[in-house]
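Each remark here refers to the structure printed beneath this line.
Which chain is which? They are A, B, C, D, E, F, G and H, in the order written, and residues in each are numbered from 1.
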Amino acid sequence: MATAEKTKKKKFRGVVHVLPERCKGCRVCVEFCPTGAITMSDGFNSRGFHYPEFTYPEKCTGCELCGMYCPDFAIYGYREKIGEGE
Amino acid sequence: MSVEEKVKENPVEEFLRTDRLPHVWCQGCGIGTTVNCFARAVRKCGIPLEKLAIVSGICCTGRVAGYLKLDSFHVTHGRPIPFATGLKLANPELTVVVYSGDGDIAAIGGNHLINAARRNVDITVIMLNNFTYAMTGGQVTPTAPYESINTTAPYGAYEKPFNLPHLVASCGAVYVARWTAYHVVQLTKAMVEAMNKKGFSFIEVISPCPTIFLRRNRLGDAIAELKFYKEHSVIKHGADTSEVGWDETRPDEIIVGKFVDVERPDFIEAMNTHLSKRLGDKYVWWGKK
Amino acid sequence: MAEIKYTTADPKGVLTGVHYMDGNHAACEGALAAGCRFAAGYPITPSTEVVERFSVRIPLVGGVFIQMEDEIASSICLQGAVWAGLKAMTVSSGPGISLMQEHVGLAACLETPCVFVNVQRGGPSTGLPTLPGQADMQQCRWGSHGDYEVIALSPSTVQECFDFIIDAFNLAEIYRVPVFFQMDECVGHMTEKVIIPEADKIKVVERRYTSKPPEEYLPYKPDPDLVPEMVKAGDGYRFHVTGLTHDERGYPVINAQAQKEMVYRLVEKIEKNAPKIWKFEEEDIDGADVVVLSYGISARVALKAIEMAREKGVKVGRMRLIVVWPFPEPRVKEVANSVKAIVVPELNIRGQIAREVERIAEGVCKVVRVPHAGGTVHDPEQIFDAIMEAAR
Amino acid sequence: MGRIEVRIGGFGGQGVILMGVIMGKAYSIFEGKEATLTQSFGPEARGGACSAQVVLEDTKVLYPYTTNVDCLIVMSQEAYTTYYPRLKDDGILLIEEELVKPGELKPNQKVYGIPSTRIAEEVGRAMVQNIVMLGFFTAVSGIVGREAMRRAVESSVPSHTIDMNLRAFDRGYEYGVEKYGQK
Amino acid sequence: MSVEEKVKENPVEEFLRTDRLPHVWCQGCGIGTTVNCFARAVRKCGIPLEKLAIVSGICCTGRVAGYLKLDSFHVTHGRPIPFATGLKLANPELTVVVYSGDGDIAAIGGNHLINAARRNVDITVIMLNNFTYAMTGGQVTPTAPYESINTTAPYGAYEKPFNLPHLVASCGAVYVARWTAYHVVQLTKAMVEAMNKKGFSFIEVISPCPTIFLRRNRLGDAIAELKFYKEHSVIKHGADTSEVGWDETRPDEIIVGKFVDVERPDFIEAMNTHLSKRLGDKYVWWGKK
Amino acid sequence: MAEIKYTTADPKGVLTGVHYMDGNHAACEGALAAGCRFAAGYPITPSTEVVERFSVRIPLVGGVFIQMEDEIASSICLQGAVWAGLKAMTVSSGPGISLMQEHVGLAACLETPCVFVNVQRGGPSTGLPTLPGQADMQQCRWGSHGDYEVIALSPSTVQECFDFIIDAFNLAEIYRVPVFFQMDECVGHMTEKVIIPEADKIKVVERRYTSKPPEEYLPYKPDPDLVPEMVKAGDGYRFHVTGLTHDERGYPVINAQAQKEMVYRLVEKIEKNAPKIWKFEEEDIDGADVVVLSYGISARVALKAIEMAREKGVKVGRMRLIVVWPFPEPRVKEVANSVKAIVVPELNIRGQIAREVERIAEGVCKVVRVPHAGGTVHDPEQIFDAIMEAAR
Amino acid sequence: MATAEKTKKKKFRGVVHVLPERCKGCRVCVEFCPTGAITMSDGFNSRGFHYPEFTYPEKCTGCELCGMYCPDFAIYGYREKIGEGE
Amino acid sequence: MGRIEVRIGGFGGQGVILMGVIMGKAYSIFEGKEATLTQSFGPEARGGACSAQVVLEDTKVLYPYTTNVDCLIVMSQEAYTTYYPRLKDDGILLIEEELVKPGELKPNQKVYGIPSTRIAEEVGRAMVQNIVMLGFFTAVSGIVGREAMRRAVESSVPSHTIDMNLRAFDRGYEYGVEKYGQK
């Protein structure tokens, strides 16, 4: 089972997109990301907010939760196939 | 939808007037979160986009109509339900969703709410309850918890708040559910069910308003509030609606779930059935037969 | 674009024939002939017969009547129906019309073509529920907050209740405004012969739906006549409308510039098109010493007084407003320039129309108000006395 | 015939307005002339005084109110008191004789009385008192023809009551003819 | 009151503006009957006459205010409850009774009804339900039974009517009863209880409207209707309010009785308690302590 | 009888001292100083601060604030409170005021002394919730159906929000009318120094309670000044009032005669007492070529334009309306007779006050409208240009 | 018991007052009088209504029901003591 | 000193209006002169642009708006763009330097920058950014006295935040003095 799962996991990787200019820095995405894949940046966007960064791509499962929670439509996670063949 | 089919774009995007972003809502405001759920629900419910209309009143939540790329109507404060009634009755093929705030729906709009539920007009009401009139800066509402601080209840509220699922159920709503902005998955599902339900469906969504309600009541930020929902929510499908209200400022138990899901002919069906029974062939059937 | 599309009435709604009916019923038949297929109302004397008849007739014609929980709901429910593609009206009297004021403003702002029928009774407040008044004439244009314009018509006979409510619906479509059909209890409850023509003799204006594809369509981009084209829900335009100040896209824009553009257009689309909207009836103005300017039931009462005055040798002319708002300023100005006095009998005591005449006359002729508090019509003697006085 | 003015008065519930409708309809639709009926009644729907004015003309009625009444029909004392002063010097007065006691009339005025309520009760329901009175009016005034009136009655009352109403009409008509002779 | 004390005058007389009689109500109209009950209740309840105010809206029933010789207010259609709220809050020593029709209270006035019940404003609402808008000639109301004939539902009503005892109970009314015009003794008693009850009390009185409702629905005269009430009423004190509504035109069972009688601080008490807790001595207590 | 009883303010409500506050807060303090002890409201921008402050203050003063379920409820709840003996107000803006129209008529008809505060924003409909307008000026008098009269005041400074709302309450008591306190968003949200005097320096009018015993008292029998004496619930008068047309006993009488008596009195009690009600400020009218007539925030904006015009050598006078309704017709007529032009800048585009000036001027001088759709104030240049144009 | 009751009854008699001018002839009083003490008159009042008459005084118990039901405040029954002594 | 016009701009939530209130109160109440603050903000309560105008005079302020701004304080780029054109030729411009990049100024205009958000975060909460800016304004403009300003701050913020706000004020003041010297 565990091996099967691992194999499955490998077929996809989680990817996250951030639109910093929409972000209002609420940190909700970071807080509710189940794997801790994202963290808040130090930088400001043009409206003075810190925004999330995709710091640990390897942790991301592409579960979509960050995107569902983000009140500002500023982030979105999804799963991307790794390689066609496998 | 299988994993492979997922597109690399925020699924909410195609439903948004992106030219209007960033939106007016505050940092951490739960409204946007519920819009994510709504967008997914619209995808899933199978209703053609051009047959889906959305109506909002005037309030923070009411701005939803302006951001959603649907036929969307931002009408007067408190009156989205009768406007939606007109839309639906005039074109029975439309799916009509009212998306608005607790003050809009349950304070000034209370009479429309109970009458639409009674008539079983086939619309879906998504009422975002942040326990206050957020847009005008946080006055006391009929949903404000006991002792909560509001600008017009500066020493704390002392009126009993409405138990809205119970109120609409007692008028005959056929679908009644409550979720919080924390329950994104369940909320999405409830929205799908409500939109596909024939008759008057009502979803209360409890949602953080960090700028006004949380700040004034020193309840922390959006994250704290979402965590509170997470920790204190108890899912009770089919709960007796008379038991889902609360009298405390911060309830120990927020009962969520699908409370009512029953069948009853909606307004148009009742009208068609009744009038054709009475008038026979002379009756001009309204809508698709 | 900007071209008005006339068609003929849908025969389903037209009760061709000769009838003996009251003004309220005739107004309902007129509405049906005009294509009205939705009414939302709340009962109130002396207007209820309009929707009562509608509720009897519409199941046989195809459409919906809904009695709402109050007038506020009625006055917005009908707008929902309009935006879903139907022609629609609501009907009420004094107290109910006062409750609708917020939604008169909404209709003006969203440019919802629709008709508000007001069968005027005595006010203020509950006043005289069963008796006539003409004291809601200024309320049409000032009742809601902010600046906006409406169109208002006033019938004098039962036949006109039928004929002119068709005009009311047509004007609503042409200019995308709420149109007030200002009846009064007398006309509403008066019973006379009404001739309803064949459907193909009745001219009906189609909604000015855009022919543009969704990508090119802007909900509030005006045509050259200042009126924007419309779409309806369900047609794939995925458009937005709001009661906030908005731009051509229909998006809210909260600043003075957007306000200026929007409000000026809302007012000017009526002001600038006014010459096409004005409708009045004139008789013997040329050479008259006195002109009696009136409307609604008062215009018929005035006939008696005019007859009496003519018998005394006074040269009396007559001007009857059919479209009351927009007010036919230039013509009234001309008349003022040509006569000694304009006499304005109306069933209100603040000279609701007379003061408009005064403003326009600018002192070039006398303006004689013949006020009446309502509850009944003028005694013709009252108007006669005013004419004689004015002629002196 | 020129202008003929009829005024009908009573209290709410007596069917005063319907009388005016039937009369106007008979004259304008079934006799092809013109008739304007105007009405006034008391507080909102019920109680109180109630009256109808019918102006009958060959051509379009301009001024729609009665000022010199040719025929006054009253079914309450109050209505009599209120409307009598406008009765023409040679006008006719029709009364429900158990409810109205008229004062002294002018020399050329004529009064015609009928116990229409009692007759209506005999016909079946006190409610058709107004139709009895209309029959009576038709007989004694001669203003509108009997056939036109009967057709107007027929087309103005609920279908299941047509028979009773026609009976009431005829009873009133006959009473008039018997008591005052054929017009 | 013992038998000997009875005076030889109609006990209703002293509460009437007799100079206005005969009144406008029709032959057999049940409104007058309920006024008889009210007069007796006023006698029995022990409230000084000058401290009793009555408020009506515009409707047949609303004319009650004009015939009762009390401080009596005949306001706008649908709004007696908020007017009464102002009266009561401004002078807590008054006993304030709203006496009005079903359309007035439950159609246009619905929002005020549910909010007053929720706030538990200390007023008594006597709502005479004749199932129609009688004064305007019999249009369909939110209380009109299924299939009943009304001028604006000429082929019969097809909307579900409100179950009003349930509605107000679900908002928190502390006293809820239903009687008919047949139950003169019980109704009188209920009126006494309601006026003496602290908080929002509600009595639905089912009453014949022979001129409009009965006639149009061919239900006979007032006597027939009162007999119908007599034969079909079932007294169920404490009945579950969710079960006292009905969906048929003529119910086989009209459930009557005292359904709710519970305790909850009324608006003024809640305000005083809460504000004095928060503000201590700085708070200026409202009304008698 | 008919004698106005002045007393001084109840110190409990008076926040004596020097404050820096905005117009909305100052209006609340003025209301408290005037003896207002009850407010019913429903939130709406930009007026809410008035009741927000009231809800903070009233528990410490003694009285009640209740936030009702809507504006309709607020506008009648306050009348209940008045009839139970308190002074009361409600506060709103455009959409809310439109919803209150039925109850404005009720207050006029029952002669309930009370104050409606309208902090005007841009309209129509939801319009510009946070930005100013002065486009509800005609709504005060025509918004409700039927004929009636009200009083309306308009403050220009924060101090005046305090001072004149006291006048508003006093006038409400003297004439038993609804009084509109027509602020605008600018004045409401403007912050300035406010000096609140000692309570015994503040003149307050007591309600005109009757001293007659119940047997002799008639609720609507007017005093010689046309205003009837009042009683309140709970005092043993067992009186009746109704929004139907009524006689002196307060009993409904549904006929034209009663209507005439009632409605004429309601209108005339304001018209005939108008000279006692008018209040305006004048400067340099004598010898002026042009007079700028204005009110509210526009009057302050006009100051700049006047200064500019004077620098150019134009003789400009100034008339500022404080009481807008009743309109000071005779004085405006005098002014019209003495100048070349009257310039009327206001934040609306239909000349809501200007048209009144036009009517009164009867062409003897030019009347120059300086319309503005709202959302901000005039650019002083605009008014300056109009003055220069008018002076030509 | 029965005797005691009879004795009691004898102490009072039922009396009914009618105000014909207020009456609208609905017959409710007659219908709901438990003893049949009143009947409708043949005569009309001035508004054309038949009104009740106190036809069988001996039957009347003074129970007050006619007065409680009468929608027009046109009738009222009460008990009157017969003789002080007994 | 004659008339001094100050304009403050930023976006909703930055506490722009409160800055105006404190400044006006300091001048009018604690320095005994006159000050009128006018404000404008975006849709209903939140988001969007927000600005305050403060007119300071020795005697009563008649015309309450700014036309020739002596001192412009901006905390967003948008506010800078919107309001800069009205800055006097010899006016001073105060900016939150991490949020606003000014363009070229006129020769006699002066610009003073401060990272007020960052300083506020250091003091404890980003929310007190506006008070930091006020301290800075007091230091670099010299228009209102430090004591009056501190008292105005004290009496205008919630009591449990007074300390933090005064700290923020002082940090802003000191930053100004350090960077641009004592006024």
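Quick note on the criterion: contacts are C-beta pairs under 8 Å (C-beta built on N, C-alpha and C of every residue); 3 or more make two chains touch, one makes a residue touch a chain.
Since this is a predicted model, take the numbers as computed values, not measurements.
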- prompt: In how few steps can one go from subunit A to subunit H if every step must land on a touching chain?
  reply: 1
- request: Weigh D-G against C-F on C-beta contact pairs and write down the one with more.
  value: C-F
- request: Go ahead and note the Å separation of the Cα centroids belonging to subunit D and subunit F.
  value: 53
- prompt: In whole angstrom, how far does the Cα centroid of subunit F sit from the Cα centroid of subunit G?
  reply: 59
- request: Would you kindly tell me how far, in whole Å, the mean C-alpha position of subunit F lies from that of subunit B?
  value: 40
Message: Could you work out how far the Cα centre of subunit A sits from that of subunit B, in whole Å?
response: 28
- request: Check each residue of subunit B and list the ones that touch at least two other chains.
  value: 23, 25-26, 58, 74, 76, 108, 110-111, 115, 135-137, 142, 155, 271, 275, 279
- line: So subunit A residues touching two or more other chains come to 47
- request: Would you please write down the residue numbers of subunit H that are in contact with two or more other chains?
  value: 42-45, 48
- line: Counting only contacts in the complex, subunit F reaches subunit C at residues 72, 93-95, 97-99, 101-102, 105-106, 108-110, 120, 122-131, 133, 135-136, 138-139, 141-148, 242-245, 254-260, 262-264, 266-267, 348-350, 355, 358-359, 361-364, 373-376
Statement: As the complex stands, subunit F meets subunit E at residues 12, 37-38, 40, 59-64, 66, 68-70, 72-74, 76-86, 88, 102-103, 106, 110, 232-244, 251-252
- request: Enumerate the contact residues on subunit A facing subunit B in the complex.
  value: 12, 15, 17, 21-22, 24-28, 31-32, 47, 49, 65, 67-73, 75-76, 78-81
Query: Okay, in this complex, where on subunit C does subunit D touch?
result: 18-20, 22, 45, 129-131, 186, 189-193, 297, 300-301, 303-304, 307, 376-377, 380
- request: Using the touch rule from the top, collect the residues of subunit H that touch subunit A in their complex.
  value: 11, 76-77, 98-99, 117
